[in-house]
Structures are given as structure tokens and as C-alpha cells.
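Letters A, B, C and D mark the chains as written, and numbering starts fresh at 1 in each.
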């Protein structure tokens, strides 16, 4: 029986959500791993856009940075950053975006800016927004991938860097965002999806061997659990082999 | 028309204490040598703008050149934190810095508006975010046709834009290829433009995916081979990922950083 | 992902009576063959947009396909008038057409706003002109930062953008070089995109000054060699200036024009 | 003694205004002739921008159309039309623009749209605006070149396609145009410049052999004449030879 790490289960489950031919806005780290794993397995025609400008990148190795040379060299085309953000992303051409965060709240709002109640006296200064707010706003759908740490799953984020699904019902319609927002949250414990009625994140699946109590222990709010809680299919040995092969090249 | 100058002359002439300067380059073509010259000339009270401050602004901040930072993502890509940036924000060392924080799209559009000679431009962003509450150069408008809310971002016109490129010719035309980020926008938005290049050649042989910035839009060209290290220059040298991975070791501690700065920048 | 189609299939599927279509190409790469196919299929009540209507829209107007024309410069470049355009405006033949008239910058920015997914964008223009009084999709705003007046122009998102390019590959990626006008903007702004190309090749060899539109942004590709004649395709054929100079002779008189249309377009 | 045509005297006088190293926004017809004549004589480093996108074009033959292939092939760079209008022109990078018109009025307002009082029932439908309104607004200065026909020199244009210098003193400052507007009007009879006090166009020079009465006869308003009216230097044989050589190639 295969065993896997936290990052591996997140990457495999994330990759399964991608369908061939989709356009995918790719950040560095796990999002890049996920997208390239899918491209190397069931979705060879996945169209990857990196925010630095490469359109249709096909990296052999995973890049360390969002603007690595291999992304440009393997791309169908390299465009300027204004074109990426204004035409491709805001223009509504991207199917799916992957995001991570230091904090996520019960409505999928994400914080990558500061920890602590006072922006001007932060407890921790994080890197900031980057492309995240526009990915959250404009991609047709968003998948959040992050480790399920108790300090990260909070009732309300300290700072809304990227807009989620609530609490107000018009959280996304008022600003006119065309994307559906974070409709999947994949952690190393399971999968959360918004409740169709009020958009509150709900545990819909746990990974093999994970108990609901493990998830509750690492979530700061009383997390809802779906009536029919699923168990994720375990990563296959093919999936793990493809993933480890990809990582070993990088 | 661009003038060919030595790097120290160009920085001496075109960067003054208190200026707003933009040293751009999205992972690719980051003008490190020009940044180090600013540190050596001990420029002070600069407002510096960059989408990704990267190591170059970590160094400028740690060296005490910066009064205000405009940025949109302040990490060491794929590695972690920028410790000099964090130390300045969290502890005010070596001096407190003022932050103006954006999303990538927001800062990009500040340059686009500046390049376009407009006082502002509009985008769908900031709406509903905490960024929209703190960003000083963002306002909200309703579309005069549909009533939809949009964000207006104010134009940014740096005193001096500083960029690195592959090549220039004797007339000062500049050739760039690969990831170009906001290169064009910074050139068009800035009052003065300094470009460091890997090489000066007689004729710019055009190549796929390149563009040429006419000399007319450039103030000074400086031949500085290796001037983007440890970032990279497509078809010249690779990104020095090891140095990026090593940077936390150099920068986490104030004394270690200061010793590195003295030896590797001030003493260079 | 783009599908390879015959031209008549592509026009049949992607241009419907009453649609808004943009056949662009700034002097270079004007999609004449696609325009003639629209005439042959007798599409009606089209709203057609082009910065320079050129001979192609003179023909569409004279053939009775057009209900409304968006444009910014309606002449035969270097030659004189477009007589079918003038006859429709001045005398309502073969049917009256509605005009929406802009400056080049204004119509360009309508496409830019559409490509950007915004309901509008802003520019310095129309202010103080009579165009500002008649253009229906222009409003005036004050800058929220400086109070300066600016013009807001509404986004234009055509149902179908129709363009001509040098090459496409089997996957439907499209390669263009030379003068490109608003090619990118029409691709990104249009709901559907039809591109006619000189040739379909196995591999798009990149070349200086080119760009590639990914297949993802294209709906249909049609191989139509010569599809931009009498305009030109850089590195394929020259502009047929003699035909442009001869066009007044063909188009000034309704009967001569109608006979030409029957023989050279409908009968082709 | 050399003799010259109306177009020749306009081209020669227009070309003399261009200084080497200037950036010049070039339209088709006489503007293109003027700019290339200057480039082939005293201003070899004139930087020509054509609205179709060529930056730094150096055509050997005069183009028939604004987007002719030779312009792109000889340019330092070819950019998109949005970049030409938004970055280069509106961004304030162009020193001088050349315009022509079907009508010009006493304050240099230009009409290239319709003749007649009713836009919807025009007596003559003209080609329209093209790049003219932005050239008039944003170039540091504008030179108008047109034949001095009585139907063209009118007290007030039927339609303001491109903004001139008045009648209101804030005609240019209110919309925030950064350029100085039409500070030279060159015709086949002479040269008009705005009065520094109220911006009304004033005849400041006549070409050799032209009388003021000839100009008045072809101007529909009582045209002011400068106290010190100059006579243009006659085209030299070198100027005419360069011009005819350029035309003969085209």
C-alpha cells in the first residue's frame, strides 16, 4: 500500500480536479506542482498561464520562481504583465486558479497580507497580494490548496486579501466579479466545499485514514460536515510515481 | 535620445535623494547592479516602486535608502520571507518605512495609467478587499454606462525608471526579449529612463519574441554585463537560485547583513 | 480551442443576421475573403465595426448587409472617398445606415475596454470636440484624484471578431507579424473569433516582430490563401495599390458597382 | 529662378520647421511628404511615428497608405495601435504633429467630418476623425498644412473634429490638453500663426509673389495681418530637387 506526504495528497487531489483543455492560472509552489502533475498525467492539453507572462507554458522542471526562464522558453507566447492581468485574467479567459494563504475563513476569504488586528503594527508581515485578489475575482473557479493548520483556519481572516463567498450573500455580486470564487478547498486532511445555501465551507471529504475529529481539532470554527461525507480515493501508485518523478527533476 | 554613460554617472545624475524610482523586472532582468550603485552613492529618502521587491529592495531597505515602498508581493519567491523588509516594517530597522501596498494588477495599472498620460485608469479589483480600504491611491467609481462599481487607480509617474535589458545599439535603442513584465510601461511612464544592458552592439539583430524601445524614449544606457545577477538574463545567464536560497542566511541577522553589504556592495 | 473550418462554414456558424461583427486589420491583413463570404451568404442588419471601413465595408454597405457602422476614418487611403459609404449616408442607398463615429483612439479604447473585461475605460479625448456631442458611447467624468475631466468610452464586445493572419498551426495557434493594429484587442474582446490565414503549417517557426495568439482564444481558423487581397500580407503579397486607385471607378456608380458585385463576389 | 507648385511650396516650408531629432507623428499625404523631405535633407534623425504602429520608420518611397509594408519594414519597432495612441501620443512623447482639414476656422479648429450644419443630413460626408483629434490634443505642437481655398477658411467650422486654440481662452486648458495646439498653419499662399493675445490666426508671412489681397480673397473672415509681414524664403533648388526626387520614387 502506498504512503504519501501531506503535500503529495494535496497535489494529487488537486490535480484530479483539472480537466484536459482547461486554462489554468498557475502560482508558484503547490499550484505549479498540481497543474504540471495534471499536465503530465490525464490532462496533457492543460493551458498554463503564469502571471509573469508565459501563456501555454510546458515546463519540464518545476520552476522555483514565477518568472523562471524555462516558463518563457516553453510557452506558446510570452506577453506583458498588463496583458496577463487586464486581457487574460480580468478579460475572463481563465477557467481555474489555484491559491494558497496564511489564513482562510469560513467563507473562503483569504489572507496573505498581515497577521494581527492592526495592519500598521502587524504580528507577522506576509508577502502580500500578488496576483491572488484578481485570481479570486476573475477565474471561473478557484481551488484553494493549503495545509490544515489550526492557526490558518479561522472564523474571520485578519485581512481580506482575496474575496471569498461571504458572509454577505452579495459578497461577489456587488463588486461584479464574474468568477464563482473558491469552490474547492483542498487540505492535507480533506476537501471543503461551500454550502450551496449560505456558502459556508463544509467538510465534504476526508483523505484515507483521517477522522472528522482530526479536522475539527485543526479548525478554529465549528466546521460543518456534509451528511454524506466521502473518503478521498487514495493516491494511486501511478499518481505518486508521476508526482515524484516531477519533483525529482526540479 | 539616449546617452551612453557609466553606471555611476547615470545614477549620480538621475537619482536624487527624495526621488521616486522604479527598478522593475519581473524575476527576469532585475537591475541589481544599478540598485547596488544607489546603495554605494548612499541615496536617501527614496520612494521605491516594484511589483516584487525581491532581494534588490531588501538590500536597498536594509541599506537605509528607502523612505517609502510601493509593492504588490514582498517575498523571496519559492524560498520565503524578505527579512530586511520585514525588519523595517515590524521593527523600524534601520528606519521605519512607509508602505503602499497593491495587488499586482493594481500596481501594474498605476504604471499603465502613468504610461498613458492619464491621471488614473480603471479596473475590477480592490472591491470587497481590505486592500481597498488601506491603499491610498485607490478610489471607487460607478460605471457611467452600466452603474457597476469599479476601482480607479491613480497614475504613477516615477522620476526615474531603471531597467535591465539584453542589448542596446550605439544610438541607444534597447532590445529586450523573454519575460518583460512592465518594462514598456515603466519606460513610458517615467520622466527619466536608465537602462543597464548586457552588451552594446553595432546592430540590433532582431529575434523572435523581442521588442525594441526606441532611443527617443530612453535617457541613459549603461553597459553593465552581469548587471541583473542573481536574477537572470535570457540567453545570457541563468537565475542563481542557490543565491536566492542562501539569502535568508545573509539577511536574517542585521549584523550578518551589514557585514555582507560592506564587503560585497560598498566595497565592490 | 480553435477548430479548423472552411470559410463558408465558419461564416455560416459564427455570423448571424443582426450580429455585431468586427473585421479588423489596419491597412495590413484586412479579411476581404471573409467579408465577401458574408456578402455571398446575404447576412443582413449587421452592426459592423472597423477603425477604417476601407473597401471591405464599402462593399458590405453597398451589398446591403449593414444596418449600423462603427468607424473612425472612412476614406480610401491616399485616394479619396468611399462612394458606397457616402451614398448610404448621404442618400440612404441601398438602405440608410446608422453611424457611430469615433476618433481612432476612441474606437481603439472601446476595444481595449472590451478586451479588459471592463464596462468602460478612460482617455483624454472627445473633450471640446463635436464628436463628444454626437458619440453615443462616450461620457465625461472627473478624475477622482485630480478633478481633471476625462472621457469614458464604453466597452465594445463584438459577437464575432474576424481577422486575417499569416499562419496557423494544426492546433489552431495563430501567428501574426508586421502591423497588427487592434488584432489582440479584437481577439480578446470578441465572444467568438474567426481567423483566416494564408497557410496552415505543422510548426509555427517564430520570427522577429511576431506574436502568437493561443488556440484557446480562437474559435475557428480557415485556410484562405490570398484572403486579405487587395490589402497586403507582410512576406506574402504586397498591397494592390492599383486596385485601391481603381476602386472609385468601380464604386462611384451604383450600377457599375452592382455589376462588379454580382460578377466578382456573388459569382465567385 | 525655380518655379514650384502649391504642394511643393507647402512641403518645403513645412519641412523647414522640423528640427533634427524631433519626434513627428505622420499622416498620409502632405504630412508624410514634409516629414520625409526633412529627413532626407536637414533632419536625418527625425523620428517618424505612423499611427498604424511603425516607430522610427524610414521609408524610401512615400507610402500611399498609413499602414504600407515599407513603413513596418524600415521601422525601429512596430507596436499595436492602442500603444501608439495611449502610450506614445496621449503619453506625451511626440514633439510635432501635422494635420490637414476640409475646414479650418479663425481659431484653428479643424473639421474633417461633415460639411453642412446638420450632422445627420450632411452636404458632404468627409472621412472623419482618424488620429487627428488626439494629434491636435497631445503633440507638443501642431502644424496644419492645407491649400488656401475660400470654402476651407471659414469663420467657424461646421463640426469641431480637432480642437484648436479658441474662441474661449480655456479651450485647451479646460480639457487638460498638454499640447500647444496648431501654432503654424502653412498654405500655398503663406503662413498663419495665432495671435499671442487671443489666439486668432494671423497672416505672418506670404510666399514669394503672393499679395495679401490674394489671401483675403480666399479667406471667409477678415484675416488679420501681422504688422511686420514676412516673405517666405523661396524654395531653393536643393530643396526642390530633394522633394522631386522623393516624389519620383513613390
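Here is the rule we go by: contacts are C-beta pairs under 8 Å (C-beta built on N, C-alpha and C of every residue); 3 or more make two chains touch, one makes a residue touch a chain.
Predicted model only: the values in this text are computed from it and were never measured.
Looking at chain A and chain B, the chains that touch each of them are C. In terms of C-beta pairs in contact, C-D outnumbers the other of C-D and A-C.
Taking the mean of the C-alpha atoms as each chain's centre, chain C and chain D sit 28 Å apart. For the pair chain A and chain D, the distance between C-alpha centroids works out to 56 Å.
The mean-CA centres of chain B and chain D are about 40 angstrom from one another, to the nearest whole unit.
Multi-chain contact residues of chain A (touching two or more other chains) are listed as 86, 90, 138. Contacts with at least two other chains are made by residues 116-118, 123-124, 148, 184-185, 209 of chain C. Contacts between chains form some other arrangement here, matching none of path, ring, star or all-to-all. The set of touching chain pairs reads A-B, A-C, B-C, B-D, C-D, using the touch definition from the header. Note for the complex: chain A touches chain B at residues 28-29, 51-54, 63-69, 71-73, 78, 80-82, 85-86, 89-90, 113, 119, 122, 124-134, 137-138, 159-163, 171-172, 174-177. Contacts from chain C toward chain A in the complex involve residues 1, 115-118, 173, 184-185, 188-189, 211-214, 216-217.
Chain B makes touch with chain A in their complex at residues 26-28, 51-52, 71-75, 77-79, 81-82, 85-86, 89-90, 101-106, 108-109, 111-112, 123-131, 134, 148-149, 178-185, 209, 232, 234, 238-239, 241, 244.
Interface residues of chain A, counted against chain C in their complex, comprise 21, 23, 45, 47, 55-56, 76-77, 79, 83, 86-88, 90-93, 138, 178. Those residues of chain B that touch chain C in the shared complex are 116-124, 137, 139, 141, 143-146, 148, 150, 152, 154, 206-210.
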